[in-house]
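Beneath this line is the structure, given in structure tokens, with notes to follow.
By written order: A, B, C and D. Residues from 1 in each chain.
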């Protein structure tokens, strides 16, 4: 009855997600780390399609080149045996003490240079593994206080860094694009490029904006109380949804990284509806990886880890079914019409109309009956929301 | 397929809810006020059981005694004709300019005396109409700044006020109890007794605490990011859940008063499960009114008003069905056992055991294997949450 | 001892700010409206420089052309007599029932056309009065639910609207620029272009981006928990800070519109420091109006209105003094140096350096001592923050 | 010019505060742990009065009795040499894997018994060291999901646990009281007894409520957006402020533990004013330890640790000076009178007056002029707040 995931669904997981050992600010590990080969095998069994990782997930910070190569080779053999792919990699510029004030925007210039080298090394690995996307989450790029960080300078340094990386990728003829992942805070008090909007605006200032998009994370946007699905739509409209991180967050608090679908179900429903059926002719609006960036709760042992991995995919697929039924329901279509949802897609101006024509149109102003909207012409938004509720609950 | 409400479900609505005319901080009414008789008739048709109101909802602030009586009589006739009851009334101590700094805790003593008189008048009406509960929402009891309001004095004045009212009710032999409704902010910057916890603590300081309980509102508690269902459980454990306000709120922001079930579905699901099946032997944990304190969106005309009223009840009943199926599912029961949910109901101490026995029990400390909890003894909370998800989505 | 405002400080106030009558979601007016001529006279006496207004502030929605002209003429005479200017005007597309689903992005196309006409009329008035900026706050452009509003279509319609208005302004040769004012929510559940970031990204998609900037409001950004001063720096770096709204907000809750300086003093201090001394050579980083968009508390009578207006300006000027002293303090300069604040302004790459050079620099990677950052090389950010605290408190 | 702390100020620090090594959810330590003897010596030099600690801070979880005794002895020698005292200790029931679902309220009964033993052991140590207060922060007592934790049962187990501990303390004739420390979330999704209000209400249900009070933490209450100073006043009014944790938090987000005074200055100012001058005759309202529970930022080395420790005390003392001047200012006193702050301390009823007298008083209702509050009788709260601002900024 519940749908079964398959690689065609393009579900991917971070190595650091199922591999999370339970450490949090008030306690150490509650379970051992998982070996990457084991992770690849189990994910493949569960129907996942891809694995992603930070450099430091696979080989510890400061590994020798031999250690690094050994781990990469082990990963590649596991990929070959299971068919799993590595669609995305990312660089850890936040865990080691050297990055305590950030990587690309550390006040210490030598740290910034070191960070660039670390990312270039990871770009080479991305290319080697056939990854299409390099995600950049700048978790330490930020500040706790106002006067210790010149934000304009930080933006300039961030720009300098990613322009250099883009040049490198172009020159190496790597088929790699960059996806910036916004987050408002934690671990810094305030993080640079805190929302999808700020990241989109920043991208427009780059030398090669076409190589840069966003990797919005469900929970990160909700940590500000913003509407995640609205942010995704602005990213889609700008052609900038390069990757997406799915998980769950219960409101404005610390970063929870719950299973996708275990928190705000309405946003999850609207998101899946958008990604799967919001494209041209009701097709996919986004065809890239459905990437889960979550943490199995600290209370769980390894059984719970895999239960939680499965739950992410199951919820996505269930919501896809609910969304399909919602869209096919004639009463929904009728309510959509009453709410004039389609009418917003019609340009406000007639074809070829300019302001002069509009100023000459008395129906737009002189003879417009603004008062007719009092006590009438309701949009029926509540009815439409109730139909969505019934579909979400499987009650239609 | 969707369940139909009936008076046995004990659904009640505030007159100010369906009667809300759309006014908000940035705009005036978008629809006319509804007459009380019309409201009573329509609610009865929809299957509701009760109507509630503030004095000023039924007869405007400053009405003559004749106007007041006229409106009360009209209401009583409508109740008699429809069978609707008035299980609760409340007093408006927040709209008129005289209450700009509060009612019971206005810095102006004459205002406090006026407020007491207004409430006593409404208590008499409550008794006349057979209401069992007087709700007290102190929306203006609070402050924007720190130095203009002595909070300890405000608590003392609030206590003085409600002690007087309790004495009045006892002496009049009214079968009326008081329910304090907490809210953290809006319209004041900070409101006195901001959460269920603060109100429970305050009640313990009253002369007749047995007459006082809480009226928690779903959205109010969520305006602080607190877990509403946990608050309800603390109120139930204290025997203080006298009334409840159901609605919807999308996170920490202005007071939204959405339809119940149109926002946080997990909290709504857990709440209905608790109220309906959380009592002894799986019966009701709370038998009072299921009161909707919501606002039909400003975008709606009267059709939308009644659609939204119906949606509140429909969602409650659907969630009741889901909760019943969840509890009856053997796999859920098995997961509950793994998670040791029942084991928390077993006292930590053996019958008759004191600290001396515990100190003598080497299995509790000297021979206790704390290390066995690393990498094992997972609670399976994520699996249980996934089963809840599947039931909520109607997928089992 | 406390500084006195003068027109050179460029302080401006919205007519709707000092004119606010105390209405909020739970109560009607607590004081009468103020006549515009009286407002102009009093503001001039207090040392303000400018007055701003929405069309509906000056002449009620639906006024005849004669009524409108009468009010405009009264305003102009008062301006002439006092020397006050009108540096900005804005259009009310949110109060009347016709705008219940928005103006530029209402699902109802005829409403969108009406909205455009209303703004064009106000643009003409802006030009007549010599205003340099037209602010656009789209408070009703948004939704409460996910399925009733196609956000991509809404963005397209918003773009269509403002492109038309820009063409009009260009053709009329008006010296007018547009400033978009973001807000996350209230009165809609979620508002389009919710933060400075989202607005900046949107502007980049317009036909004439050079005519568009942002009008960030202190409290609006804080309603999401985001850092306002960081947002202002991103806007400044993009050359898009066209106007600014100053007020106060105590955290994530309803829109409070407190006096500037009556809430988050650190953010206020950092903001004034940035605006006044964050430009080239320590000069102003922003030379436009210092506009107060606040509300005198509902508890106040007219005396409180003017006390609050004065407090806004007084706090700005005091913080300017504190910031000047902070910057001039040698210990602050020394702490800045330790924190390497200036070093972030130095490009990460050497002049002419590309990635090949960086890859060849062994000090950047092979010989870089990452471990040296453990237990050493602290940034001293806390010390710097303490120096800021001492200056803010007037204790140095 | 800036005040110097001395033991008479009763400043105490947690060993885990200055000893924090920089670990957070996204990175490991950035500096080495500090030895307890070194901490005691440095704190004494800085003018602190007390040191507090969790058992696991001083001797690692699982230490042998010999290791434990060795560390206790080292601590005692350092205390003797410096004069520092240990006014409070607390028990770590949250870091070790065994506590992954809590201590007193773990679903696993054997864990609950182990937790009780661990606390009893720490109570004995508290008594040995002369501590007056045992703080209980139940950081892991909570849940991420709704169905895995029976909150009513959790409250019952928490009560069972602390009743047992109270009996133990009474029987041992220890001069020790308990202080419950609320927190809304982190590390659990929702924590039991999330606010001061919930804790106060819980205390009223205990067998020996007189032995229990609260230990409110500045930042914890602000993580819900609640007003900390209002909560302290409710605790004081109930006689339950047994201990207090001072620090800083910038709004609703992860637990920041900034230096006291480095975040919300208005709340800090109002708090110090209350604690120091809010008691009878303007004396101290609270005479216990001024305990700092903060974390030196991860960006700092040991120099920054001690700078931050000093800053906490310096800010407290500065705010005490500002508060004294505020209270002594005749204009403040005049504004307080206009705002009728004192009038709230006057009972609403006349001496001996009951409801019958009130009902007979026509000035309270029949002849009360509610309309006189429109446009007049402003409270001047904004003026009072501005006077507070000027004093806080050192500008009067």
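What we mean here is this: a contact is a pair of C-beta atoms (placed from the backbone, for glycine too) under 8 Å apart; a residue touches a chain by one contact, two chains touch by 3 or more.
Just so it is clear, the model here is predicted, and its values are computed rather than measured.
Using the contact threshold fixed earlier, the set of chains in contact with both chain A and chain D is B, C. The chain pair with more C-beta contacts between its two chains, of C-D and B-D, is B-D.
One simple way to say how far apart two chains are is to compare their mean CA positions; for chain B and chain D this gives 29 Å. Per-chain Cα centroids separate chain B from chain C by 38 Å.
Between chain C and chain D, the centres computed from C-alpha atoms are 37 Å apart.
Looking at chain A, residues 29-31, 96-97, 100-101, 144-145, 184-185, 189, 223, 225, 252-253, 262, 266, 297, 299, 373-375, 377, 379, 381-382, 385 sit in touch with two or more other chains.
The touching residues of chain C, counted against chain B in their complex, run 22-31, 94-97, 99-101, 139-140, 144-145, 184-187, 189, 223, 250, 252-256, 258, 262, 297-299. Only residues 1-2, 29-32, 222, 225, 251-253, 259, 261-266, 296-297, 299-304, 307-308, 311, 314-315, 318-319, 322, 373-383, 385-386, 389-390, 392-396 of chain B touch chain A when the two sit together in their complex. Of all residues in chain B, only 61-62, 96-98, 100-101, 104-114, 116-118, 120, 143-157, 160-161, 164-165, 167-168, 171, 184-185, 190, 192-202, 204-205, 223-227, 229-231, 233-234, 236-238, 252, 266-267, 269-270, 273, 326, 336, 339-341, 343-349, 354-355, 358-359, 361, 363-365, 368, 370-371, 373-375, 377, 379, 381-382, 384-385, 388 touch chain D in the complex they form.
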